[in-house]
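Next come two complexes, and both contain subunit A; in the first it sits with subunit B, in the second with subunit C.
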Partner chain A sequence: MYLFYIIILPLITAVLLRWHVFDNKKSAGVIACCSVLGSFVVVLLHTRYLFMAGDSGAMYFEKLWEWKILPDVTMPFGLRLDAISYVMCLLVTFVGFLIHVYSLGYMKLKEYSRYFSYLNLFVAMMLLLVLSDQLLFMFIGWEGVGLSSFLLIGFYHQSHKNMNAAKKAFIVNRIGDLGLLLAMILLLAIYFLESGQFSLSVLTLETKASLLQAPGIGDFTLIGIVGVLLFFGVCGKSAQMPLYMWLPDAMAGPTPVSALMHAASMVTAGIYLMSRMHFIFDGSVFVSHLVMWVGVITALFGSTVAIFQRDIKKILAFSTISQLGYMTLACGIGAYGVALFHVLTHGVFKALLFLSAGDVIKACKGNQDIYLMGNLRHKLPRTHVMFWMGALSLVGIFPLAGYFSKDLILFHLFTNHFGVYLLALLGVFFTSCYIFRLLYLVFYGNRQADTNQEYRTPITMLFPMVILSILLLMLGWLWVPSFLHLPEVLPEFFATVLPVELGHHLVFKELIVGLISTVFAATGFFLARKFFLYGPKADFWIAKRYPRFYRLLSHQYYLDELYYKAFVFENHDDRDPNEDNAFTNSVLHVVAVFKGLIDRYFIDGLVHWFAWIPMFLGSVYAKIQNGQIQSYLRWITMGSLISLLYWFLWISKAGQ
Partner chain B sequence: MTFLLFFPMLVGVVLLMVPKHVHNTIYKISLGATVAHFVILCLTLVQIDFSFDQWHYVVKVPWIEPLHIYYALGIDGLSALMCLLTSITMVLAIALSYKIKKKSKAYFILMLFLQTGIYGVFLSIDLFLFYIFWEMALIPLYFLIGIWGGVRREYAAIKFFIYTMIGSVFLLLSLVLLYLLNPTDSGILLTDLHVHQQWIRNFSELIWGIPVSTMIFLGLFIAFAIKIPIFPFHTWLPDAHVQAPTPVSVVLAGILLKLGMYGMLRFTLGFVPGEVVMFAPVIFILGVINLIYGAFCAMYQKNMKKLIAYSSISHMGYCIIGFSALTFLGLEGSIMQMLSHGLIAALLFIIAGAIYERTYTLTMSDLGGFASQLPRLTFVAVFAVFAAIGLPGLFGFVSEFMVLVGAFMGSLYPSSLFGASDTFFQLGTSVAMFTVLITAVYMLWMLQRTFFGALAEKWTSLEDISTFDLGWIVLLMALIFVFGIQPSYLLELTHLNVTDWLDFVGEIQ
Partner chain C sequence: MPALFSLQSYLLLSAMLFVIGLIIVLTKNNAIQIIMGIELIFNAAAINFVAFSCFRPHLLDTLQMSGQVIAIFVIVVAAADACAALAIILSLFRVFKTTRIQNINRLKG
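And then the complex of A and B:
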């Protein structure tokens, strides 16, 4: 009934905060928190609609308005709450609320209004994204989160480095959005021609998905083309392989922002889109395989690159890329429910890891280099424990949430794609390596970090972390392996919307898969413990012994440099974009300069040349127009004589 | 209708009698007049039901009998929208002109005359009357740029004037042809387009080996192409925009460019739809060039106002491709793009003007870091930039999306120059879509260079925009936002026009 309020609450707060209605007082932050909590409550209030048995299934729809596009055709905009949007809403509002609370302690008071306004805008847009019933409406949220991401990455706007990162994030997302936009246009065009209806509503698309089987261009079916285009959009938002490079740079924003947007919710929008539009991705074998391979490559890429990074937030960013790869992989093999489950658990444990990292950074006076940290377990004992929880969950150790979701993905791979399964296992091993390296370098050893002696974690920052840790213990039991014979809450819930396999009782296989992944994770753990317990010496050793290998990984396989060389993003240093040479290394800019010069000299030159003709004529003419009556008379006389002559000689003759 | 048309001019005449040193009174009178005019327009429009019967409030008085020229006015959905846009832009332009002290009396009188000229273009339904108003709008603009402009104002004014004059010559050529060859007894009015299409199509004689209808098309097309501007005819625009004072830039970008597109839709498509179908692929390619070429040129610019001017060229490309596809959505999107670009470009120029009047420079390497010093202006600028980029939920996206979908669904008719083709528009639109990306690149780069980064020492004493200015700007922003969420009110007004045009095209086949 009041689905609209879920979005409007944070949105209105965002507007009010931006206009400094509450000033930069404590109350501003509290109101922002309350609005998100309010949304959370409204979502909960709608629970009963989902479980009311009805013919239409567990779905609740609310129409908002429509565009009168053609005289007799309208395009409706509506909100839709079903299993997957419900779960996403809970994740966004609840984790969002916790991170709002955390920000109360993390941010400075004078930044409150602007910061919370942007954060609330983000929550509103993300909710719009997951609740909207049709693609065009979803696109508003999709770009809206991009906007708030731009604003928040560039929150400290005095530094061009941050602004470059913000710009890069938006533009790379925009590249992906081109695909999404074209997919929408294609879908609209196809349906309009087929049925005369103008709709991108998910339901209508689903019922008509069979239409898309029509032959397309060349070897591709239409559904395949749409699938690839949509997936391109997903790659942008969810930082998949060709378009991942904005996410590590996005860490320029405040840490709670990284936790909420660049780990827990915004980047999972792509996974959500794939689940929402699963009928398109299922419709083409090519697309499914593409999704699977991109996913597994991204997972491996992220986890290997993370191993030799020095920046604590960058490591977590690459970890996010890698985990997103696992989710994409799950979508590629058709296990959408599992992917969403991993979105949920990953949202919780990655948020926890980021929040702990934020605490560490704050204690180290804003330093983010892990080589300069160490032995922080005495300084931040509680954060230390929480980081352990997050790390164990990330690598997938039994009672924690990460185990359940990652194990499910691996299990599905094990039964269907054994080769990919082995690659994914390798990823688990690398994951374990980098996260425990991070953990040991930061919290152990006997090096003394340069810390702020006064610093104690404020209660507002501790509280969300504790809640997230407790959630980690409980969340996994929503989707337990079937051999435990417990009620399968989440899968049954998802089954109302998605194709989910239920109750496959393959006890032996499940146990084996779980054991193998735990063994891989443990190997990584012991390796990391052996090498990094007392400091980063192992890094230096590898850098010295295998310099090429080390540089390849620490430079992200040189992909970013490649993009940098090829395109427009000047991201690597603090180059002032006002300097002319900051832009020279880019193809786009070369084209721009070229065209600019064409415009200035060639086209305008032509214009001036054309202008010169009348000017020349004018100058001749001006000599005639010298203002003397006598000369005018002379010209008049001459003119009349000539015309008279002409008349006598030619016209009169012709008349005869 | 006549009152609506001549009201601003009347006020201008009244202003002539006001002593010239009372700046404030003159400002208040002209602002009051434009606001009152806007209110009258709204009251008129509310009474009209645009869903049936195209023309309303038609006035038709014989004027020059032997040539069948009438003094004929009327309003329909399209002109209503354009009048609304004109009024909104003029109100803003005049409201933000209070800083103009140099010969302020003449300035405001010219602005009011300009408004009547533009209104005349949109309201006249007689071709000759249209031409007269078309020229009338030109003259005040020449003086406005030439007297109140920037450093190179005379060059810009002359260039602008000559360019548009050349356009007018072509327009006049077509007009003369139409009036000379008109075999019917009626005037050349927009109300009986069908009759005129008929005889133009059946006119078999050639002039210089070219069919008359093609001749008319070329004349009209070039005339309007210069005004829009379409690719090779565009170089007047950056100069005129950069040199013009802020309120005049607002008018130029907000309405003047739309005169061309209005003419293109109304007259080119109205009189010679067959030729439009024929040349559709060429127009489309020119439109795509406009989009991408304009965007790349914008990227190269170092002057903020020039960048915005080139972005205008790029954005007008959407109008052109929407027009050339000749689909319902394309045409409708083209009209929407005129409106959205009018509002958004006006906002961008207001921002550039606000910066100029504080710093007296628009070279972006001299600017930077205003975010901490001018938070209000920064907020507006971020909004405007994202509106120009086409952020969904704002007006710019609605029109761009409609144009792209419309263009994508278009197909070449057999009678087009390239023959029938289904994939031409699909491929072309896919190429054109890259503009969406390039726009983001240059717009964000502009934003960064002017508003972000470290603030230079010399700018630490700048003052933020006043609440009075902000009020007007927020009104504009609200419009951009509301129409981005719900454009139906505007769309409904255009349905009848677009149906008509598609009928014309349908009859050809």
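And then the complex of A and C:
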């Protein structure tokens, strides 16, 4: 009934805040928090609609308006609440609310209006993305989160570096969006030709998925092409392998933003899209395999690169990339419910990790280099505990939420794709290495960090972290391994929309998988503890002993540099201007000459041509008006003669 | 009144006069010659009026001479017109020191 309010509440607040209606006062932040909390309450109020037995199953649909494109062609727009969007809404609004509260303590008072308006805009757009039943309107939300991400990454816009990071995120996202847009156009064309209906409603698409089995180009079916294009969009938003590189740079934004967007909600939009359009990904074996391999490569990439990073937020960013890889992997093997479950748990524990990291950064006067931190467990004892919780959950230790979701992914891999399972297990080991390296370097050792002596964690920052860690303890029990014989709440809920395997009682296998992954995680933990308990000496040793290996990992396999060389021509501020780039220069020269020719002869030519038309006509007419009265008379005579002739030849005859 | 010539011959004469007048107006250089051409055009029109008036079969008594009356009007108007035109030409001559119409071309944009 009031589904619309979920979106409109944060949106209105965003507009009001941006107009500085509440000024930069404490009330601005409080109102922003309240609007997100309001959305959360509205979502909760709709719970009963989902569990009412009806023909449509556990789905609640609210029609809003029809977009009249042509008199006969309309596009209906509605909001759809079902198991997937309900869970996503809860995640976005609840974690969003907690992070709003955290921001009250984290941000400076004079930044309140701008910051909270962007943050609310983001929440509104994410909710639109999640709730919309039309791909087209989902795309508005999809672009909207990209926009607010751009605004928030470049929040400290005084620094050129931050603005470049914002631009990078925006542009890379846009490249991915191209794929999604093309997929949408293709789907629209197919269904319009078939049914004459101008609609991209997910429901109709799903019921008519068989249409897509038609042959497309070469060996590909149409469904394969649409799937690949959609997945390209997913890669952009969810930071998968070819388009991952915006996420590490996105850490230029304020830390709560990293927690909300670049860990808990925005990057999961891709996973959401894949679950929503699962019938397309299921329909083509090629696409599922592509998704699976991209996922596992991304997971391994992220976790290995994170090992030698020095920036606390960059490590967490690569960790996010790696975890998103696991989710994509789960989608690739058809376990969409499991992927969404991991979205949920990852959203909570990664938000917790980021919030703790924000507290650490604040205590260290804005310093983010972990080599300059250390021994912070006495200074920030509570944050220390929270970080332990988050880290244990990330690597998947039993009672915490991360264990349940990660183990489910591994279990599905174990039963279906054993080779990929081994790779994923390797990823678990690396994950454990980097997160405990981070933990030990930041909180342990006897080095003295340069800290702000008066700093105490404000209650507004502590409260969300406590709530998140309590959630971590409870969340996992929503989808327990079947051998525990507990009620399976979440899988049954997801089964109303998604293909979910229920109740496979393979006790032995589940136990084995759980044990193996715990052993791998523990190995990583002990390694990290042995090498990094007293400081980053092991890093220096490796850098000296195996310089190539160290540089390869710390430079992200040189992928960023490769992209830079291949696609970016202009000189950056943070690049060395003396760098030898003869090749780039020659390419640049050719491109410049070519562009110059186009500019001179095509663009300028076009403009000149348009100017030439009136000049020519003017010169012709100017000759007529020459001041010679007799020439005027001649024109008049000629005109009269022509009209007379016309009258004689046609009109007078027609009258007879 | 018995017609010596048919209506067509009068109209032909009138048309010839009109065309001669028009050609004079369009081609002659001297302003006074152009006025003469205009006079010819007036007279061509007057001949038309008289010819139509004579050859109309059933004419009301009151309107019997209307064509001829209009012809006299035309002559009067032509005289007045010639007066005004000659006055204009005189003042033009004072300014431009010529009556060559090609040289009088100040009125252009």
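The rule is short, and it goes like this: the second predicted complex is superposed on the first by the 569 of 656 C-alpha atoms of A that agree within 3 Å, B and C clash if a C-alpha of one lies under 4 Å from a C-alpha of the other, contacts with A are read in each partner's own complex, and residues count from 1 in each chain.
Assume contacts are C-beta pairs under 8 Å (C-beta built on N, C-alpha and C of every residue); 3 or more make two chains touch, one makes a residue touch a chain.
These numbers come from a predicted model, not from an experiment.
Visitor: Figure out whether A:511 sits in contact with subunit B (first) or subunit C (second), or with both, or with neither.
Guide: Neither partner.
Visitor: Touching A:628, do we find subunit B (first), subunit C (second), both, or neither?
Guide: In the superposed model, A:628 contacts subunit C only, not subunit B.
Visitor: Once the shared chain is lined up, is A:170 touching subunit B (first), subunit C (second), both, or neither of them?
Guide: It touches subunit B, and subunit C stays clear.
Visitor: Looking at subunit A, does subunit C or subunit B touch more of its residues?
Guide: Tallying touched residues of subunit A, the top partner is B.
Visitor: With both complexes superposed on chain A, which partner does A:637 reach: first (subunit B), second (subunit C), both or neither?
Guide: In the superposition, A:637 touches subunit C alone.
Visitor: Which holds for A:18: it touches subunit B only (first), subunit C only (second), both, or neither?
Guide: first
Visitor: Does subunit B (first) or subunit C (second) touch A:188, or do both, or does neither?
Guide: In the superposed model, A:188 contacts subunit B only, not subunit C.
Visitor: Same subunit A residues contacting subunit B and subunit C, which ones?
Guide: none
Visitor: Where on subunit C does subunit A make contact in their complex?
Guide: Contact set of subunit C toward subunit A: 22, 25-27, 101-102, 104-109.
Visitor: Could you list, by residue number, the parts of subunit B that touch subunit A in their complex?
Guide: 159, 162, 232, 234-235, 293, 296-297, 299-301, 328-329, 332, 364-365, 368-369, 371-372, 379, 382, 386, 391-393, 401-402, 404-405, 408-409, 429-430, 433-434, 436-438, 440-442, 444-445, 448-449, 451-455, 485-488, 491-492, 495, 499
Visitor: Which positions of subunit A touch subunit B when the two form their complex?
Guide: Counting only subunit A, the residues touching subunit B are 18, 65-71, 136, 139-140, 142-144, 147, 150-151, 154, 157-160, 163-164, 167, 170-171, 174-175, 177-178, 181-182, 185-186, 188-189, 192-193, 568, 576-579, 588-589, 591-593, 595-597, 599, 603-604, 607, 611.
Visitor: In their complex, what parts of subunit A are in touch with subunit C?
Guide: Going by the criterion above, the answer is residues 622, 625-630, 633-634, 637.
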